[in-house]
Every structure is written in structure tokens, then in C-alpha cells.
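What follows is a group of structures, each given as C-alpha cells.
Okay, so chain A shows up in both of these, paired with chain B first and chain C after.
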Partner chain A sequence: MQVEFQFNDERAICDIAGHETLLAVLRDKLGAMEVKYGCGEGACGSCVVLVDGNPLASCITLCASVDGTDIMSVKAPDPPGAWALLKDRFAAHEGAQCGFCTPGLLASCFALVQRGEKLTRQEIREALSGHLCRCTGYHHIVDAVEEAMAIWPTMS
Partner chain B sequence: MHCEVFGLYPYPFDYFRPNTLEEALVLAQGDGMKFLAGGQSLVPLLNLHVAEIKGVVDLQHVASALKFVQSQQDRLRLGALWTHDELSHSSLLGGRCPLFSQAAAFIGHPRIRRRGTLGGSIAHADPLAEWILVMTLLDPQLILASAKEERQLPFHDYLLGPMMTALSDDELITAVEISLPEKATYGFTEVSRRPGDYALVATALSVGWDRDRIAQADIAISGVSDVPRTFPSISRDMCQEYPSHGLVEHIKHAVEAAVDPPSDVLAGASYRRHLAGILVEKALHQAFDEMSNAGETAAKSIGKSEGERT
Partner chain C sequence: MANDVLTPQLSVIGKGVIREDVRKKVAGEVLYSADWVMPGMLYGKLVRALYSHAKIKKLSSQDARHVPGVVRIIEAKDVPVNQFYDDPSGLGEKVAQHKVFQDDEVRYAGEPICLVIAKTPEAAEKGARAIGVEYEPLPSIHNPLDALKDDAILVHPGGNTVVQWNVHKGNTQVAIQDPNLVHISRTYRTQFVDHLYLEPESGVGWVDNDGIVTLRCATQVVEHYRNIARMLNISENRVRIICPYVGGGFGGKEDMTVEPYLAIAAWITKKPVKMVWSRQESLQARPKRHPFVMTYDLWAKPCGDVVAMKVDVTGDAGAYALLSPRVLFAAAVVATGPYHIDHVDVTSRAVYTHNVPTSAFRGFGAMQMAFGYEQIMEEMAQKLGIDSVGFRRRHFIKKGDTLATGEIQDTAVWLNETLDKVLNELGEAPVTDDGSKRIGIGIACTMQPYGRTVWFQDHASCWLNLESDGSVILRTGVPDIGGGQAASLCQIAAEILHVPLEAVRAYYGDSALTPLAGGTFATRQLYMSGNAVVKAAQELQEKIDHVLKTAWGDEGWQWDEEGMAYSPSGLRISRSAVYEAANALHYPLSVHTTFHAQSGEGYDNKEGRAVKTFPDFTFGCHGALVEVDVQTGTVKVLRYVASHDVGVAINPLSVEGQIHGGVVQGLGYALSEEVLYQDGQCVTALFSQYMAPTAEQMPDITAIILESHEGKGPFHARGIGEPAIAPVAPAIANAVANALGPSCRVRSLPITAEKIWGELSGLDGSKI
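After this line comes the complex of A and B, so read on.
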């Protein structure tokens, strides 16, 4: 079957089979290597992309089910600068160590920041609880997100 | 051999996205078809090659028809495709049966809660799932639909064992219907190794009230046996009693004595027994506190209206 969706502001038309996951199509057909295969169970968050603005684990999302949606990864064009702000704060706080969990984490953080959420440290931890960082850099990640949330309203 | 070809991606299957419930039910009559709701349990199983199917019937266009709340005096009928996240807002049920929002808040992490559904969880029937515990406690009627017929099945006849149910391959859970006592409060709490993990032990309980006296109570605990269990005789001990510290202690010790939990890599039997006692104590306090809060609010509003009158 054919599916069509926007991926990072470009139109993607793919011939796919029913069993293909969004992760498989993004990586193997569209070459989006920033989308990582972690656990395959939707638990680790490495494969998270934004589908119509909502963070979704692409490894447990069938590609056929996202027909007609707008999908963004960390490499999306970024005129408002929210991705850049998050990447900058992650870098400043050393929120990325090996970097494997980072693209997925940034996608979930992007959704939080864009919604104008202003969360406490505990709430940030709960909001990001679907992401595992095996370098255990959580403290730095929370620092980065907290700061991005404080700065974003002054930028947007 | 398969692994080389498919990696950890699902084996091939077909995909259908019907626009109506009727179409979905007809499609499900095909051999090896599975309904796909939120996909939070099914797709991981397909990725890991634990489940093999011929095709999925994606319910995303049917979902809105299976999101409803029908509230009657003594019962509540809930559409099966509400997501955990939607059920975590107590306003959805108009303040009735706040157990749903209490339990939903413990499910997985935010991404799972936004996708996973009540019906999907009941169909998957993981014995440690919050909804399976809640259903064990409330023992609702499940409304099961197939292309041939619609039938009702009480939950206690539905759950046959861990991940085993009386659901036929072509049947869809469309709704759950709960009988509600006139005045009840609830408790729900659990302990897991990390937030978002399945619980080691979880407790749900309901207390029905006759003014400030306990008219009826039910307790259900998961993680202490292969599927969640209830404690009818211990619950009966609470009837006609007033909430008190002594009563909580009595129930806590009775539950600790009654459970016979398994030991596994996550927790030993004695720790699970300890948790069962602590969690029942906590959940009882939740239910009692909710009652006394409601009492105070009522007293205040009476006081206010009297004040207005004078």
C-alpha cells in the first residue's frame, strides 16, 4: 500500500507493507538515522518522533497508521528555534553523553517546550519517564530542560 | 534465519483500517486477524516475534464511536477505547467512580497513557495491568461484539488466567458496564521498581457507605498470585464498622496472613507480603480520607446555606 506523510517538512510517499513500523520506514526507506532502534517495545524512547506534534514511539507505531500526518524528528527545519534552544541547553549541561537516547528525548522535550509547559523538576522527570538514558545522565537532562523551559517564553 | 531477514521488526502481516465498527467486526472474522487499538502491547509482541498474526484491524477510525460515558443512577457504561490519559481526568466520569482516574495515573509513562486504551488492556489481560486489577475489584459486565452477535460477560468469567481470556478471536470489547453503590469511595496504590514499570504489588479497594458507617467493602490485590485476587471474607469484616485505626490494622494483618505470594527475580515472597499489607493500609486511608473530606465539604455547604438563610 502507499502512505503519504510530511517528514521534516518534506513530502514522503512510500510503498510499504502492512507490518512495517514507522521506525523501519524512517530509517530504512527515508534514511533518517537520527531515529534510533532501542528496545522495540516502546519503553526506552530512543525512537520517539513527533506525529502531529505528539511524541510517539515509532518502533511500536505501524507506518500504515500515520498516513496523512505531519512527522518531525530532531532534524526538522527549525525557524522558531525551539530545537536549537534545546540542543544548545543539552550541550551546555552535558545532557548528551553517548547520545543514543538524545534524539528521542529532544523530541519529547520539544513537545513540552512548544506547549509552553513550565514544569517543576519532579514533573519534568515524570514527563520524561518514558525515556531511558543508559549513561544515567538524567540530572543533566533535567537541568537542560528546566532552563530551556525558562528561556523559551522569552524567545517565542 | 528469520532474524537476518526481518531483524527485530514484525513478520509480515496485512493492515486494514475500517471506517465503521461493522466493517471492523466483519474483517475480524478472517483467520489470524487482531484488533489494533493503542498498540502498546500488541506491537511490542509483534516486534519480539512473540505473536504471529495474519493481519491487524486498526481501530483508529472507529475509536470515536467507542468513546462514550453513559451514566445511570446505579450504573456506568464506559466505551472501551478511552485512552488511559483520558480516563486519568476525573471530570470524564463526572466525578463518579474516581477509582478510574486514580488507577490511570499509575499506568506506564505519558506516551503509553496517551495511546493505550481501556479495552486494549483488558483484551491483553496482563495480570499486573492496573485495569485488570480495577476490573477484578469492580467485576463489571464486559460488552463483547462480533459480526454475529453482541454478548455480555461478567469479568470474573472473562479472565481465565494470566493473558488468557474468554474473548473469541473475532470479538471486540466495546464497553464495560459497572454497577455502582450509591455512595462509595476508593483507594488505589502500588509499588514498582521504577515509575512506569508494572507494579510489584498493587491494591485497589472500594468502600460503600451508609452515612459514616461502612456498608460494604471490596479489596483486590495484584502481584501476590497469578492473577489479581479479591478477599471476600476479610472485606466482610469491615461491614457495619466505623473507620478506625484499629480496623485498618486488623485488615492489614488479615491481608498479610491471607496472601501467599510468589518469589521471583523482582521481589521475594516476604517482601510482596509486606507490600500487600502496607498498600492495603494506604488504600484504606485514601478511601476513609475521601469520605471524611466529602463529609466536611457537605457540612460546610450546609453551614453556608444556613448562614445565608439567617
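After this line comes the complex of A and C, so read on.
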């Protein structure tokens, strides 16, 4: 079957089998290696991308189900600068160490920041509970997100 | 402050600089091992044993060969040397490790049997399912204590004891005769846990233009190329391992994972082959942390003086030795903790079972012991009716003390300092009026080695040179597993060479092109490669100074922030001018050097004594405030404080990151994580069944970094990677016990709600 969607502002038309996951199509057909395979169960969050603005685990999302959607990864064009802001704050606070969970994690953070959320540290922790990070202990991640949330309204 | 080595005013060291690798990682620009793609690439899938102990009667691959897309089945007979050997204790005892492919007697469920190579991952998977293995199941043994009995089933013909280490100090037998001594005996148990790094075991192997077997894979040790050469029976100069940024290691990528399979597949097919292990095979079959059974006997005078300690440790090695001898050695060395005790007997042993093999994991045997010694000290204080903090302080080892092994602690021991900080920050336990909740406070003080045992003759090399434009290239074989291993080395080079940090570029982790640095394990990389870079940078700077003086005269040269040399007389010389001058003088500005760690004699296991075991230790204290729900037994960590003396923090932001990460991995170990096996079969083989902590369950962590300026690393730094995890489980155990009240204590990990509820029910069932 054929699916068509926007990926990082470019049109993607892919011939796929019905069982193919969005993760497999993004990586193997579109070369989007920033989307990571971490567990294949939708449990670790490393493969999360934004589908119409909502964070989704691409490893348990059938590609057939995203026809007509707008999909973004951490490499999406970024005129408003929300990705850039998050990346900068994550780097400044060392919110990544090995960095493997980071692109997926940033997708969820992007959704939060762009919605204009202002959350407490505990609420940020709850909002990111679909992501596992094994290196940072989360503290620096929360620092980065908290700061990005505070700065974003002044940028947008 | 005693910063006697290099410059009195440090410009880059000690600054929380932003790591360039982190910038690349957050931008999604890093291609990890599984992200590599080559033309005509094939895919490999392992067939793994279903039984924990069985004879393989027959292997039939006929059906698998007919699966569309399957290219080749690789079995034991296809491997030139199908057996790995090693000397894991380093004392000259060669032991047979695992086979590449088991073709005779399966010793654990998940042991690799053969490899299916196909054009797509799906075809490889289908092919693997079509392989027929006929087994004759055999009785198996899974409890290491049972495996020690005389009539136990043997896992290997030589007996089930892999190794036994002894530490003796003083004369325990005589010392404990005093009838006035208070004696307690307690047994503590730890569980199987998984590293659960986010990046699965993965890589691509190919044979390059020159016939070199090349592996680009996730590993902590590029020196495994030597094992691969032995397996293929080819010369070591024909295998190359390239290690891109690794998506987490924690010891789990220290033993080989995909390496032999990528190599044999590329060698036989002459095509690039990719392999990514599924999370299920990783959880089921890749080595875990050793479960320990630790029995502590402690004798003290009623006044609170410890007289003697006996420790008996049994570690489950699983089916193959791997690094068990070293893990149990580290356990033996620190078994008595950071305490000065006159009479000590320690026995630690690793035992074969038909369980999954166990091996390296952050903390490496030493961290399990903290769960023992930090509880027995607490329990003794309770028994004596004295303050447990004061009891610890009375016995803390000090610089210059003789440790249990007989070696002298020759650097600063800031246990009191870290303890003070933690107690101060933790404050008093708040009072709760909620009858269903109890608050508890607990601490743990620990010591953890950094660097390898001294008889391994550890060394690390690097190559540093000035480029024609004045930039600096650092080549080092360091695998960067996420801790900023390469970035810290750039900071060190920049500091000594007086150049801006951006001027230094590290090329890392390539066994053919970067000088070998040894693996990233044992909290050794900052210590080893950091010292190598100090040595290289000092030599290079001397050369630069020499060129300056020769070409422009002895002008009392100094360096500005841009890395330009200037003289009081007003000369300004760029580094590219220095480069040109050096060329004209036939004086290359390039240094290749090796740092050799403090080395020493092998351990005297008969006497249980050593002149030196590890180069040094990192000390620290953690404290936790917890809330226990007495109706459900659940634990909530309200506050967590961690303090370590790191000698000098090269990058305080990264040091803090190591402490935060160690604490959270430790909290998972303490409260929720366990890989469960039933008769050797993994029953928690899904990622979602393994309870690693997510952000919402974790508290903010207060990390307090102290700097004694007395480490043995560069600029007197100490290692922090492993030390940060050691105190967590005992601090939590002590806090939970404090919340539960006297005579209630969970002595096995993880400290689950179920176990706590059980303790509480035993105490007073009417309250539940």
C-alpha cells in the first residue's frame, strides 16, 4: 500500500506493507536515523516523534495509520526556534550524556513547550514519564525543560 | 589549595563547559552503531538455546536455508577457533570462557548456537525460527549455595567454584574469644539486574579494501580486536574495531556482545553484516550484575569499639566465568567498607550455575558489598544502643591507615567531610501526622576503587599534535560511552597547551588509527587517559616553548586567551607561526606517549595480603529521606543528597551528571529493578517488565562535590563513574529500616513494597 505524509516539512510517499511500523519506515526508507530503536515495545520513548503535534512511539505505530499526517523529528525545520531552544538548554545543562534517548525525549519536550505549558518540576517529571534515560538521573533534563518553558513565551 | 602540578590559575579545568558531543547528540546528528548503513548489507540473527542445561543432539538448518532471503547459516564448525580463553584474575590462570557457538553442552538458556544471515532482518528472524535444534535436557543447578555442595551437578568439569579470594588481617579467632563482646550475624542478598542502556547491542561488520575485518560497533573495549583475530586465526593487525559514541555501557558492553558474530559473518560472506540484538535477547542472555549472598559477623565492645569482622560472600557467576574473578576480588577488597578494623577475615567466591552469566556492571562487586557493610554497621549501632553516625565516624579509615588487605591508604579520605555535608543538607526527618505514613532517614558511607588492579600493568596511550593552522589534534583509543570521556581529555589538553577548548579536536575509539587507551571500564579512563594526555600535553608544550625560544629568542613567553604567545617586549606569535618555525627546524610538534599506572605484585591469596590492590579509592556519603506507606509498603524518596570527594572536578557539570545518574540507577537497584529467572528461564524479558526508574518516581538530587586535591588522576582528580552508585541501596535500606522502626529491616534487594509489607505484617499485623 501507499502512504503519504509530511516528514520534517517534506512530502514522503512510501510503498509499505501493512505490518510495517512508522519507526521502520522512517529509518529504513527515509533515512531518519535520529529516530532510535530502543526497545520495540513502546516502553522506552527513544523512538518518539510528533504526529500532528502529538508525541507517539513510532515503534508501535503502524505506518499505515499516519497517512495524511504531519510528522516531525528533532531535525525538523525550526523557524520559531523551539527545537533550537530545547537543544541549547539541554546542552547547557548536560541533559544528555550518551544521548541515545534524547531525540525522542526532545520530541515530547517540544510538544510541552510549544503548547505553552508552565509546569512544576514534578509535573515535568510526570509529563516525561514515558521516556527512560539511564545516564542523567533526570535532574539535568528537568532543569533544561524548566528553563525552556520559562524562556519560550518571551521568544514566541 | 594545593594545585601544585600545572598552572596556578586554571582556565578550562573546573569549568562546567558545554560538551560538543552533547550538542551533536541533542541535534540528532550522531550516528550510533545501529544507524550505520552500507551497500549490499546483510543482517544477522542468533539462534539461542532454549534450555539452561542440555546436550545438543542435532542441529538441522535445512528448512532455514529455504526461507526466502536467507543467505547463509553459520555454525560452530565454520569458526576457525570456536572457543575464547582468558585469564580473568590476571594471576596467570587461563580459563576456557564461552564458545562462539555452543555445539555440545548448553549451559544457560540463551546461549548462542548458530547465526542466520539474510538479506533483510525479517528473513533472518524467520530463518532463525526455522532452525531445528534437538536437545537432550539435563538436570540443572541454579542456586549458587547448592552448587557448592559436594554432590552438586557440575557446570564445568573442574568444579563449580570459579575462584575464591581471601583477605586476612590480625587474628580474628583469638580476638573474638573475649566473652564481653557483642556479636551479631546477618545475611544480605542482592539480585540480578540489567544495565538497560537505551542503545541495544549493535554494529556493522565488513571486510575493507585491504582485507581488514572491520567492526563498527557499540563496545566499551576496542581492544577486543585481539580476541576477534584469535577467533578467526588471523593476525592481530588484520582486525579493526571502530567505536562510535556508545548509547550507554555501564559495564554491559565490556564483554563482547555482537563483535564475534559480526566478524565471523563478514569474514565468511565477504559482505557487510548488521546485527542489532532485540531487547528480549539482551534481557534474557546478556551478562547481568552478580547476585550476592553476604554473611557478615561483627564483634564489638559494649562501648562501641569494633573488634573484628568476618565476611563470607558468594557471587553467582552463572554459566561462564567472564569477569567474575575480578568482580569477586573487588568485593573482597572493600568487604569491610571504609572502616578501620584490626581483625578481619573475608572469603569471597564466584560459583558456576546454569544461570545467565554475570559480569561487569557499574560498581563491579564493590557496590554490592556496601549493601552489606553499611547495614551491619547500622545494625550493630542499634544493638549497642549508640548513635550510628558517631559509630561510623569512630571507625572511618584515615589517610595513612592500613586497610584490611594490608595496603596503605595513601591519599586523602574525606569521609567525615562528605558525611557532614550530607547530614547538613538532609536536615532532620520531618514529623508526619498522617498515620498511614512513616518517615525514615538513612545514610551510607562507601569506598569504591578507580583504576584496574595493580598487577594488570595498566597503561593508556595517546597522540597529540599541533596542526599548521594552530589547532590541536588529540588521538586516543578511548571508547566514549556518554560520560564525556573524550570531552574531558580535550579540556585537559586545552588547559596545558594554553589554547581555547574549541581548538582541540579528539579522534577517539578506533583500534587501528588511535593509540590504544584501554577500555572504558573500572572508572579508569579519566585516571588513565587523563594522565596520558597530561603527559603528552606537557611534552608538546615543552616542544612549543623550545621552538619559540629557538626561533624568536628567550623572551619570557606567555600565552593569551586566544592561544597566542606574547612577550613583554611586545612580540605576538601565532601557533601557526610556531608550527612553520618548527618545520623549518625539523622539529615535529607531535607527541605519542603512554601513561603507565602504578603497578605492583600479584595478590597473595594464601596469606590474604597485598602491598597494593587498586591504585586508589573514591570516598563518599549519601543520605536519603523516605516515606513509607504502611498500608501498601510503597516507598517514596522525598529527598536525596549525595556527596563525593572527586579530588578535582575537571567538568563539574559532568561530575554532577555522573552523581545524578549513579543515584537514579542505584535507586532502581534499591527499590524496583530485578531480572527474574525461574530455573534459568528469564520471566522478565520485556523492557516493560523491567522496572527501571522513570522521571516521575525520582526526586531531585542534591549533589555536593568536594575537592581534596589528592586523587591520582589528572590535576589530582579521582574517578566518579562507579563510586556514585555504591552508597544508594544501603542508604535507602537504612532509611526504610529507620521508618519501619526497630527490628524491622528488609535485607534483600530490591526493597519492594511486598517485602516491606511482609516485615510490617510480621511486626504488628493489626495495624495493616
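By our rule, the second predicted complex is superposed on the first by the 154 of 156 C-alpha atoms of A that agree within 3 Å, B and C clash if a C-alpha of one lies under 4 Å from a C-alpha of the other, contacts with A are read in each partner's own complex, and residues count from 1 in each chain.
We adopt the following convention: contacts are C-beta pairs under 8 Å (C-beta built on N, C-alpha and C of every residue); 3 or more make two chains touch, one makes a residue touch a chain.
None of these values were measured; they are calculated from a predicted model.
So, does A:Arg121 touch the first partner chain B, the second partner chain C, both, or neither?
second
Given the touch rule stated above, what does A:Cys101 touch, chain B (first), chain C (second), both, or neither?
second
Is A:Tyr37 touching the first partner chain B, the second partner chain C, both, or neither of them?
Both chain B and chain C are touched by A:Tyr37.
More residues of chain A in touch with chain C or with chain B?
More residues of chain A are touched by C.
Quick one: classify A:Pro55 as touching chain B (first), chain C (second), both or neither.
A:Pro55 sits against chain B, while chain C stays out of touch.
Touching A:Val142 in the superposition: chain B (first), chain C (second), both, neither?
After superposing on A, A:Val142 lies in contact with chain C but is clear of chain B.
Touch test for A:Val74: chain B only (first), chain C only (second), both, or neither?
Touch partner of A:Val74: chain C, not chain B.
Once chain A of both complexes is superposed, is A:Glu4 in touch with chain B (first), chain C (second), both, or neither?
It touches nothing on chain B or chain C.
Contact-wise, after the overlay, does A:Ser129 reach chain B, chain C, both or neither (first, second, both, neither)?
In the superposition, A:Ser129 touches chain B and chain C alike.
Given the touch rule stated above, what does A:Asp15 touch, chain B (first), chain C (second), both, or neither?
Neither chain B nor chain C is touched by A:Asp15.
Which residues of chain A are in contact with chain B in one complex and with chain C in the other?
Comparing the two interfaces on chain A, one with chain B and one with chain C, the shared residues are 37, 40-41, 43, 126, 129-130.
Over in the complex, which chain B residues touch chain A? Could you list them?
By the definition above, chain B touches chain A via 8-17, 36, 39-40, 43-44, 46-48, 55-56, 58, 60, 108-112, 114-115, 195-196.
For chain A, which residues count as touching chain C in their complex?
27, 31, 33-34, 36-41, 43-44, 46, 73-75, 86-87, 90-103, 106, 121-122, 124-126, 128-142
Chain B touches which residues of chain A in the complex?
It comes out as residues 1, 17-21, 24, 37, 40-43, 45, 48, 54-57, 59-62, 64-65, 108, 126-127, 129-130.
Note which residues of chain C are touching chain A in the complex, please.
Residues 16, 18-19, 21-32, 34-35, 37, 195-200, 245-250, 276, 278-279, 481-484, 653-654, 656-657, 659-665, 686-688, 692, 694-698, 700-701.
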